[in-house]
Amino acid sequence: MRTRPTAVVLAGAAVAAALAACGGDGATDDMTELTLLTHDSFAIPDEVLEAFTRETGVTVTLTAGGDAGSVLTQAILTKDNPIADVMFGVDNTFLSRALDEDIFVAYRSPALDTVPADLQLDPQHRVTPIDFGDVCLNYDVEAFGADLAAPATLEDLTDPAYRGLLVVESPATSSPGLAFLLATIARFPEGSDYPWQAYWEDLAANDVLVTSGWEEAYNAEFSGGAGEGSRPLVVSYASSPPAEVIFAEPRPETAPTAVITDGCFRQVEFAGILEGSDGGSAAEALVDFMLTETFQSEVALNMFVFPANADVALPPEFVEFTIVPTTPLTIDPREIGNRRDAWIGEWIEIMQ
Amino acid sequence: MTRTVGRVVAVAIPVVFLGWFFVYPLVAILATGLTDAGRIDLSPLRDVLGSARLRGVAWFTIWQACASTILTLLVGLPAAYVLARYEFPGRRLVRAAVIVPFVLPTVVVGTAFLALLGPGGPLGVDLRRTVWAILLAHVFYNVAVVVRTVGTLWERLDPTLEDAAAMLGAGRWRAFREVTLPLLRPAIASAASIVFLFTFTSFGVILILGGFRFSTLETEIYTQATALFDLPVAAAISLLQLAGVGTLLLVYSRRQARRTVELALQARADTARRPATWRARTLVTATVTMLALLVGSPIAVLVLRSVTAGGSWTISFYRGLGASTAGALAVPPGQAIVNSLRFATAATVLALGIGMLAAVIITYRRGRLATAFDAVLMLPLGTSAVTIGFGFLVALGRPVDLRTSPWLVPVAHALVAIPFVVRAATPVMAAIPARLREAAAVLGAGPGRAWREVDLPIATRAALVGAGFAFAVSLGEFGATSFIARPSTPTLPVAIFRLLGQPGAATFGRAMALATILMALTATAIVLADRFRFGDLGDF
Amino acid sequence: MLEVSGVQVRFEAVAALDGVDLSVPTGSVTALMGPSGCGKSTLLRVVAGLQAPDAGEVTWRGRSLEGIAPHDRGFGLMFQDFALFPHRTVGENVGFGPRMTGADKDVVARRTGEVLAMVGLVGFERRPIRGLSGGEQQRVALARALAPAPELLMLDEPLGSLDRALRDRLLADVRLLFDELGLTVVYVTHDPFEAFAVADRVAVMRDGRILAAAPPVDLWHDPGSRRVAELIGLDNVLTAEQASLLAGAGLALGPDALASPHVALPADTLRLDASSAANAVVRAGTFDAGRYRVAVDVAGIELVVIASRLPIPGARVSIRVDPRGVVRLED
């Protein structure tokens, strides 16, 4: 017993020393190190970030903190002592929340010239659009054909011919689920003759299946591609069909799934410089870098989103197997911020 | 003088660890959530208590945890008995295999269970998105806690006590109830408390297998904090969850402290035998079969999916893991394995060291403070992962910024793993007769030495069971880790999660392959740990 | 009447019981005696039903006990390590058996008090097991075995860990108890003294077999074989050759003695007698309940002699033997 405490104290001291050494990233010299806070789906190859380092001499350290919502909450909680210099992953569905909390520093990147105006949702440039994705209905190509054509519009989903064929995700727990709900709200506005509440009641009557998350919906309930399920219609992304082609062995000639362009909702993903960090010009350089061809050409194949930089070409699989919706549904981020809780709450009541 | 200092330090270490890495962040995040413009505002508490929906959620959380615990005990106790008292081929493997579920992220288990419980599955009836799916998944995950915690004590019970009861006219069942069960009670209570806490804060299982209709306090906190950005309500729910769990734990610790009984602990070699009668053989076969079905079939589904593509066998998924893949996994899986092992080792060492010290405090310093300490130790298991994760952010920024330190991950894992070490070690420690230590003392060993020579070897074996859990928990930990800001060193569960988040047959297959590797790693580590002997003390 | 016939028990390659035959008449006390590892405890377990024999049969009152579970046999067993229930009090331990028969609380309490009084532990009902002395634990274990009034009572080294004085006292008490209650008892011990003091019949066991079974007096005077003689503690077991050497040294053992392969000379057949012709050299002596057991050397053979005083080691003495006490052994 006598030796044990000593050993443990020494071990404890060692741990404390190591902690002290490892911690304190935020206080290092801003000229040579930047911390980038992202969500778990961020997947840009190391070589790309190394290219940035070669260009600018600044190393980028990634810090991940869960899904996009969790990451935003973390940024908000630490706003007076931020844990990173730049944050990537705010999207338009909670943009207004991020802006209200005042966690970003305004910066207008010169590279914004290459980005279409409809993606620049913050006129004050507190955040910079980096990529966008569309949440669309996907369908299993093999399930539809001469007997039953794939649905073409949102309204079609309430048709008894498609009864029991659709699986969607809950907006309370899933980002694409929320996007789909917003799409229906945009398409069937409140107060109109056929508001979104009525639409969802019809969907419920048509035996729609609701899961908590995208993984179960797509892998376990959807029948397309590698899916094990029985339902040929699912809420997913416009980039899913190309993924089905790229990640199938052996590689097929045609995509097993396809996108229904009606009812797509646009999700835009932003990056921003965190207020209170000492990143300075290096942080600005990183934001610029994220809009360059080097970075933007990787987003499609690694994160399965579309690059914001309009000059960057899409990979051939994207061109061939999906469509970038030209008129996706959108809702003003401010309105989303104000009404989201109420909408989700109402949706839950309808669907219970 | 040095002895007293040593004792003080020994007590201080677990207390300081808990205080700094758990109590402080907890208080900080709750205060943050419940503060409005500089003043504590408890109105969210009132809102939460007043909401009929949230009360319903709280009720569901409690009763599903109770039901899960009872079901797990019903499955786990016979299994613990068979594995403790009988010797049969494959026993060691079964004992190690039951812990494999611990390391599987719920996302992966979800797909397996959805396949098994769907209309096309072996049961023939669709249990998906029902309470039964949740309960069965909970049993799948937690049966190891009962089997290994209760089993360790059961192995050591003197079987002559049951013989004595039989000679006095007690039939087998009566003898079990009157003699064995009361003696096993500390271990059963330990196991039950852990299972209850785990299922109480269950997250992924509820979401994936329960579907969107079921929500628990834990999922509510998550939704409120990260989807609705309503921190005050999240904090209020968290506080109430904590209050409920804390009270339960205090009651539990008090009862445990009063009930310890000294036993003559036997070596397993003396108590285990081959099943001799047909009755014994049937029992062993039935139990092993049940375990194989319950724990084995979901695992089998995963393994199968990692080696089949479109109806035919293939190892392309495993081969594909080595190749760099465009897509979600920007880091090679080998790296993920190394990261996972590193974190798990660090977490286990931390948990073992601090857990043993804590177990000593609880066992030998009876009293109200020790009881309260015991309760606080268990609290991390019953606290929302979201709360802990965010608490770190709020509290650990100053004086030293630990918030993005790689050590935070093993610390978070250790917080959840320490209760396992403590709960595994204390029933055995408390049962060691003082007589043994006295005998050592008479033979010339001072108290510390006596403890080291007598109690420590016996308790270490039990603690290693806890360490096995700690390792497994850390390997598979995904929930709390995902709410901690951490350097981008993906662990296996994160890598698997990423692969599953990407459409494509190959990514799905690779996710299954990684999950299989994760399971194999765990089973190997546990089998090795089980064989570990302290010095040359044989079974002890 | 308990009949054990041809019982065999094998553990792996070792035969713990190698064809055991034993009869225990109703109402009698049979001691089962032998060195450790001879199979005594295993035999008890077989009779108790805790161990199934690989061969052979056990019958009670003419009926075979095969397939009857231990808790249905109505036998009592007092375990060597007591096996007291640590989580129960003395009273709860003792009352366990009566409680299992379904007797109601007052009956159980009364019986518990009775039996505790029998073993001299009046008022011990509420005491926890922890903190009892070895002797008290032993008596609680005995009381617990007695409480359900078993038809057959088996005791495994019941007085093993007690000090000599307590053991002797308890031995007498216990013998009285058996007679009073008219119990059929199988009493297992490694100590010949205990066996002879308490039993109506002594069975000597070794290596899984019963070598001899007879009333104590008969067994003492005619053990039959050399092995049994050694086991029951007869002193001075001699080969025929050694006997003739002694005869040559002046110690007349009688004609029968010289014709047997072995003889035994109980220590009290040898005395120091100055008038004898046999000369011996004293080696050592020990005090034994008022007398001395003296080891002497006669013609190179060491003998134990009883003396009323302790001679000095190395002294020359004369010893004589009473030839009527010489025990002939058959092998």
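First chain written, first letter: the chains are A, B and C, and each begins at residue 1.
The rule we apply is simple: contacts are C-beta pairs under 8 Å (C-beta built on N, C-alpha and C of every residue); 3 or more make two chains touch, one makes a residue touch a chain.
Remember, it's a predicted structure, so these values are computed and weren't measured experimentally.
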(request) Return the chains common to the contact lists of chain A and chain B. (result) none
(request) Give me the ID of the chain with the smallest distance between its Cα centroid and the all-protein Cα centroid. (result) B
(message) Using Cα averages as centroids, what's the distance between chain A and chain B in whole Å?
(response) 32
(request) Could you please state the distance in Å, as a whole number, between where the Cα atoms of chain A are centred and where those of chain C are centred? (result) 86
(request) Could you put a whole-Å number on the gap between the CA centroids of chain B and chain C? (result) 54
(message) Could you pull out the residues of chain A that touch at least 2 other chains?
(response) none
(request) Write out the stretch or stretches of chain B touching chain A in their complex. (result) 2-3, 5-7, 9-10, 13, 29, 32, 107, 110-111, 114-115, 118, 129, 207-208, 210-213, 219, 222-223, 225-231, 309, 316, 320, 325-331, 350, 353, 357, 386, 389-390, 393-394, 397-398, 400-407, 447-449, 451-452, 482-488, 490, 494, 497-498, 500-509
(message) If we count contacts the way the header does, which residues on chain A are in touch with chain B in the complex?
(response) 1-2, 4-6, 8-9, 11-12, 15, 18-20, 22-27, 35, 37-38, 40-46, 61-67, 69-70, 72-74, 76-78, 81, 83-84, 94, 97, 170, 172-173, 178, 210-216, 218-221, 225-226, 228, 236-237, 240, 243-244, 246-249, 257, 301-304, 340-341, 344, 351-352
(message) Using the touch definition from the top, list the residues of chain B that touch chain C in their complex.
(response) 158, 160-161, 163-172, 174-175, 178-179, 182-183, 261-264, 276-277
(request) Enumerate the contact residues on chain C facing chain B in the complex. (result) 45, 48-50, 52, 69-71, 74-77, 79, 81, 83-87, 96-97, 100-101, 130, 144-145, 148
